[in-house]
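Paired with chain B in one complex and with chain C in the other, chain A is shared by the two complexes that follow.
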Partner chain A sequence: MSISRRAGRRGPRRFTRRDLAVLGVLLGIPILLDVFIVWGPTLASIALSFTSWDGIGDIRWVGTQNYENLFTNYPQFWPAARHNLLWLAFLGLVATPFGLLLAVLIDRGVRFSRFYQSTLYMPVVLSLAVVGFIAQLIFSRDQGALNAILGDTEKPTDWLGDPDLNIWMILLAAAWRHTGYVMILYLAGLKAVDASLKEAAAIDGASEAQTFFRVVFPTLRPVNVIVGVITVIEALRAFDIVYAVNKGRNGLELLSVLVTDNIIGEASRIGFGSAIAVVLLLVSMGFVVTYLVQEIRGEKNR
Partner chain B sequence: MSRRNLLRGAAVGAGAITLPSLLAACGSGPGGDGKTITMGSNSSDPVPKKAFADAFAAYGKQSKDGRKVKVNTVDHNTFQENINRYLQGKPDDVLMWFAGYRMQFFAKKGLLHDISDNWGSYQGFSPALKAQSTGEDGKQYLTPYYYYPWAVFHRKSVFQEHGYTAPKTLDEYITLAKQMRKDKLVPIAFCDKDGWPAMGTFDYINMRTNGYEFHKNLMAGQEAWTDKRVKDVFDTWRSLLPYCQPGANGRTWQEAATSLQKKEAGMAVFGLPHPGAQFPKAEQADIDFFPFPVINPEHGQDAVEAPIDGFLLAKKSKNLNNKANMESAKDLLKWLATGEAEDIYLAGDPNNIAVSDQADISKYTPLQKKAVELVSGAKQISQFLDRDTRPDFSSTVMIPAIQTFINKPKDVDGLVNSIERQKKTIFATED
Partner chain C sequence: MTLDTAPAPAAAPAAAAPPRKRVLRPGRLGVHAFLMAVSLAFLAPLLLAVYASLRPYDETSEHGYFSLPKKLSFDYYQQAFSDSGMMKYFINTLIIAVPGVLLTLFFASFVAFAVSRLRMRGSIVLLMLFTAGNLLPQQVIVTPLYVLFNRIPLPYWMSDSMTMFDSFWAVIAVQVGFQIGFCVFVLANFMRTLPQEILEAAIVDGASVWTQYWRITLPLCRPALAALGTLQFTWMYNDFLWALVFISDGDKLPITSALNNLRGQFFTDYNLLAAGSVIVALPTLIVFLLLQRHFIAGLTLGSTKG
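Entry: the complex of A and B
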């Protein structure tokens, strides 16, 4: 950036051979990395999804067979797709707003707010896999803390083994971490809101709620965007926690887990796994494109 | 460069970048001197790791030519997950792996060295062992080392206290289970959170009902899962489920073994090392087992499920192109095939039993001796469901299928139809 601007001021002739070499290296390395780490594997996945390959033998083209198989003949696929969307909805509609609520409460300076702030932030420093292990200590049927507290020894609830229940327990555990993350981001945003805005609103006779929704919240727009993006990313990349709990089976299926199940290991079904990866890519693209369109429109309206 | 090669290159490159291949880094050894053999080990747990180290050290000591083993240990799961790339990349000369289908698969792909000439000199191995070490082409590829039979485990003290006797038939098994329930015990400890432990029960019910041949053919994809014989297996299993610990899909094998140890549960279908790992030292002598009961008298208790671990020679190992190295590697295998070599290992890891009948069983625990009896009396030895069939079938189809069955045992028809449909697509990719 700075090089080209400087070059622009002094005229294009100032590009020496050395400048060009530096530019070439500086631009070339990221482009190469981008091609090899992002585009290469992406395109390879798409190509491989139309083949059958076990990682050793020949690659055979099989057309759309993997996809047909996936949609009609793979019992884990639809639950996994549903869970991915549920994950997104839960984080977006429950955990994120809850994080905002906590941020607002702490920002208003409730008693012991520093204590709450650090307690709620604590899980953010843990890896999601570790959160998964902690969740098992709490929710395990025979030896878990929750059943011990409930004192339910006759017919203990199988929090992690019951496929109708376990996804919710894991969502709670994931939200535990996500909420703290969102809270800290909003706290930073709230600190930056100009106090005079609130005063002006108060003088105009706005209630607390009105002040928040009409005045404070709109000024948080940049934070909202970041939080939105983080929520989508967190939801789509969810993997480690379910893998730590039960390898993402029996009610905890996610697309990312199915990709891993099929591709990693001996005699891998690389073609089939790639087809699932492409579906995950499409789902992600759906959100990325929506986000970009929104952003570009937002920029224009401003 | 053809398009196919280009594509494959791109894919392998992508795989190498996105999935850090830890194993590739371990492939390079000193090699050149013809006397140092590199060994790819998946024994990352401390007990077997130490026991293997003892065995390899003993090999170096007895070798008159100054041959020695250099071990590259990789975390067990990482080893499993990377085995494909490992065998195709720069593998060690010798590696640890499993008998049966999972060995045959790689043999068929040309990734292993034929060691039939070694087998000519091996002694003390039963025909069943040889069969499990043989590829589909009739040549041998594996040097077996130890195995661990599966059976129904229980505590002696619990059986004594209540006056139970080991059941011989399924009816007696159920009668015993009913009695245990009256005595406020969970009759059968049961777990499948890890996805594989319940496979042992499936295998046993299947082999007791339909025999070993059917098990083998079913696993090889040659029988239909919609066959009445498979449905019978699930029906029998359903009749046992009321006596099994509920919530199996949320319980690890460690937790199930613990409930056996705490005398909350009366019995459990396990492999030899499983209860051993969860029982404190003082209570080890209290572990006992009986063979899985008879269901169909025609097959009796002929088959025993006993996964075999052993050693393979990797074809892509560069060192093995060297004659001296190859000789050293085969010499190592020959030594590992002796009863003495197995004794050294088992002294450090008493949760398995030696495959060779020349091994010294005088130091075995009574439980190990009983296990030897069980295996040597077997007419057929099966591996485990996931070692007797294609790994992609067992992990992507059978694990979820059995977990579904545990959740909804009534819909057997829907289940076997779904298994059969998926099986067809997976086995259809066979070259």
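Entry: the complex of A and C
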């Protein structure tokens, strides 16, 4: 990081020696932290994914063997990848639009809007682990609330135990939290929309739906981008909730669970776990880079 | 981007349309019915958890959760506190989250200040370095950190495991390192909205970089810092993964991760589990209800610019 000292309007020396020391320390520490905690380990993960390291012995280079194993003879991999994509699709196509709908309805200034808002985003403050436990109260087979409502005591459905069903129940629980989050972001965005735009559209005879889709929605672009990024990140990071329910087994496999299992499990397969992490990284990087490109453009236009 | 994005007081919508006579049209009624139904559906799981936690296990196992209570008591709460020592886990959480939040805000605000207020070359690169870092999935960095922390020795007075692994230091370091990114992004955006003139006047008066940051910029950022502090506290409180991976001694776990460990004790007693969940959820719910404005402002600070 070089600090420009060219002679500007403010005189030849912008920073004194003391200023440079302050900058050096207070920028240095966070940069070091960021490198040590975030970027260094990211690069290390990529490097380790080409080794067969167990965390103790020698680090042995094995080329792409981990990846070959991962794709061809690790039975949990493809179900986990599918679940992550399903998670992304569900949050993106169901929970996010639902959050937008709620935001639009509340933003129209209905009565009790404050009550609705508070209730709808209350789940956002809960940890996903707690959401996982609450899900068990509702979906458990013998005493769960859902089976009590449905009244099928003869042949109760095992909502969380049935590997064909449980991912959907967990998605509902995850969406419970995600919807509120999305709604807050859109509410903030909608409040920032210039009211005269809507008035102008109304004067031109646009219907409410037309006004929303043609006028309001396009101005929400920055919020859309943030919501998109959050949706993707949440879907790829998903971990707590399935881990709280059944440690991510029996139909609830996720890539993040496989990484964790491989490193803190009994067999510490660091190299193999890293390969799974790199797959996760590659998928998220696609989205993150798109987002950053847009940010940098915005930055330059400031 | 302003802090006004927090929800307007309930009076605002009513005040906006006083001249027209309020007629309850069917459309409006439909909206209310819909919103009310959704709200109740959102509240129901929490209410159910509270209800279940107040009833003895035998009763619900015999009659199900949807039955009228014969007996309500706080027995499970008492049990959760006395048998499993939840107080200890709360303290662990505070040991991690309080320094975590303060350090994150301090470092992030300085970086944000440098990036947005000082004319430095490379500030975009710096901003991107931090922002992008926060977007990576945690599992990507977890493995090397696990290995690294196992190899960093600490003196006994800092960690009884003699390494960074299995100590609070590891979790604090990761929380700070990871969350700085988000805070830098939000605070840099916020600081850009502050008037440049104040800073320029100070520079003319010969204010040092530290003075410009600590005495001039930071006080103006108080609302943003309050919002971020609230948000960060709930995030660090809710963290599950870091402590699960970096702490192996069950007695050192923070409350959210400890709940998972306690489940062994809870076996099939879902009512005790419900009480545990309510206990864990209560602090964030209280923070939310008291500091709602800050909390929401924190979430939306970074999202609406301009």
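The definition used in the following text is that the second predicted complex is superposed on the first by the 272 of 302 C-alpha atoms of A that agree within 3 Å, B and C clash if a C-alpha of one lies under 4 Å from a C-alpha of the other, contacts with A are read in each partner's own complex, and residues count from 1 in each chain.
We adopt the following convention: a residue touches a chain if its C-beta (ideal position, glycine included) is under 8 Å from a C-beta of that chain, and two chains touch if they have at least 3 such contacts.
Source: prediction; values computed, not measured.
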### Query
Thinking of the overlay built on chain A, is A:T119 touched by chain B (first), by chain C (second), by both, or by neither?
second
### Query
Taking the superposition as given, does A:S140 touch the first partner, chain B, the second, chain C, both, or neither?
both
### Task
Once the structures are superposed on A, label A:R111 by its partner contacts, choosing first (chain B), second (chain C), both or neither.
second
### Query
Who touches more of chain A, chain B or chain C?
C
### Query
Thinking of the overlay built on chain A, is A:K198 touched by chain B (first), by chain C (second), by both, or by neither?
neither
### Message
Shared contact residues on chain A, chain B side and chain C side combined as an intersection?
### Response
36-37, 40-41, 44-45, 48, 55, 140, 142-143, 264, 270
### Message
Give the list of chain A residues in touch with chain B in this complex.
### Response
36-37, 40-41, 43-45, 47-48, 52-59, 69, 73-76, 140-143, 156, 158-163, 166, 246-247, 249-250, 261-262, 264-270
### Task
Would you pull the chain C residues touching chain A in the complex into a rising list?
1, 4-5, 7-10, 12-14, 16-17, 28, 31-32, 34-36, 38-39, 42-43, 45-46, 48-49, 52, 60-61, 64-66, 107-108, 110-111, 114, 118-122, 124, 126-148, 150, 173-174, 176-178, 180-181, 184, 192, 203, 208-210, 234, 237-241, 244-245, 256-257, 259-260, 270, 273-274, 276-277, 280-281, 284-285, 287-289, 292, 295-296, 299-300, 302-306
### Message
Considering only the defined contacts, which chain B positions touch chain A in the complex?
### Response
4, 7-8, 10-11, 13-14, 17-19, 80-81, 83-85, 88, 102, 105, 109, 111, 193-195, 246-251, 255, 258-259, 390-392, 395-396, 399-400, 403-404, 407, 418, 421-422, 425-426, 429, 431
### Message
Please output the residues of chain A touching chain C within their complex, sorted ascending.
### Response
1-4, 8, 10, 14-16, 18-19, 22-23, 26-27, 29-31, 33-34, 36-42, 44-45, 48, 55, 102, 105-106, 108-130, 133-138, 140, 142-145, 148-149, 176, 180-181, 184-185, 187-189, 191-192, 222-223, 226-227, 229, 233, 236-237, 239-240, 243-244, 255-256, 259-260, 263-264, 270, 273-274, 276-278, 280-281, 284, 288, 291-292, 295-296, 298-300, 302
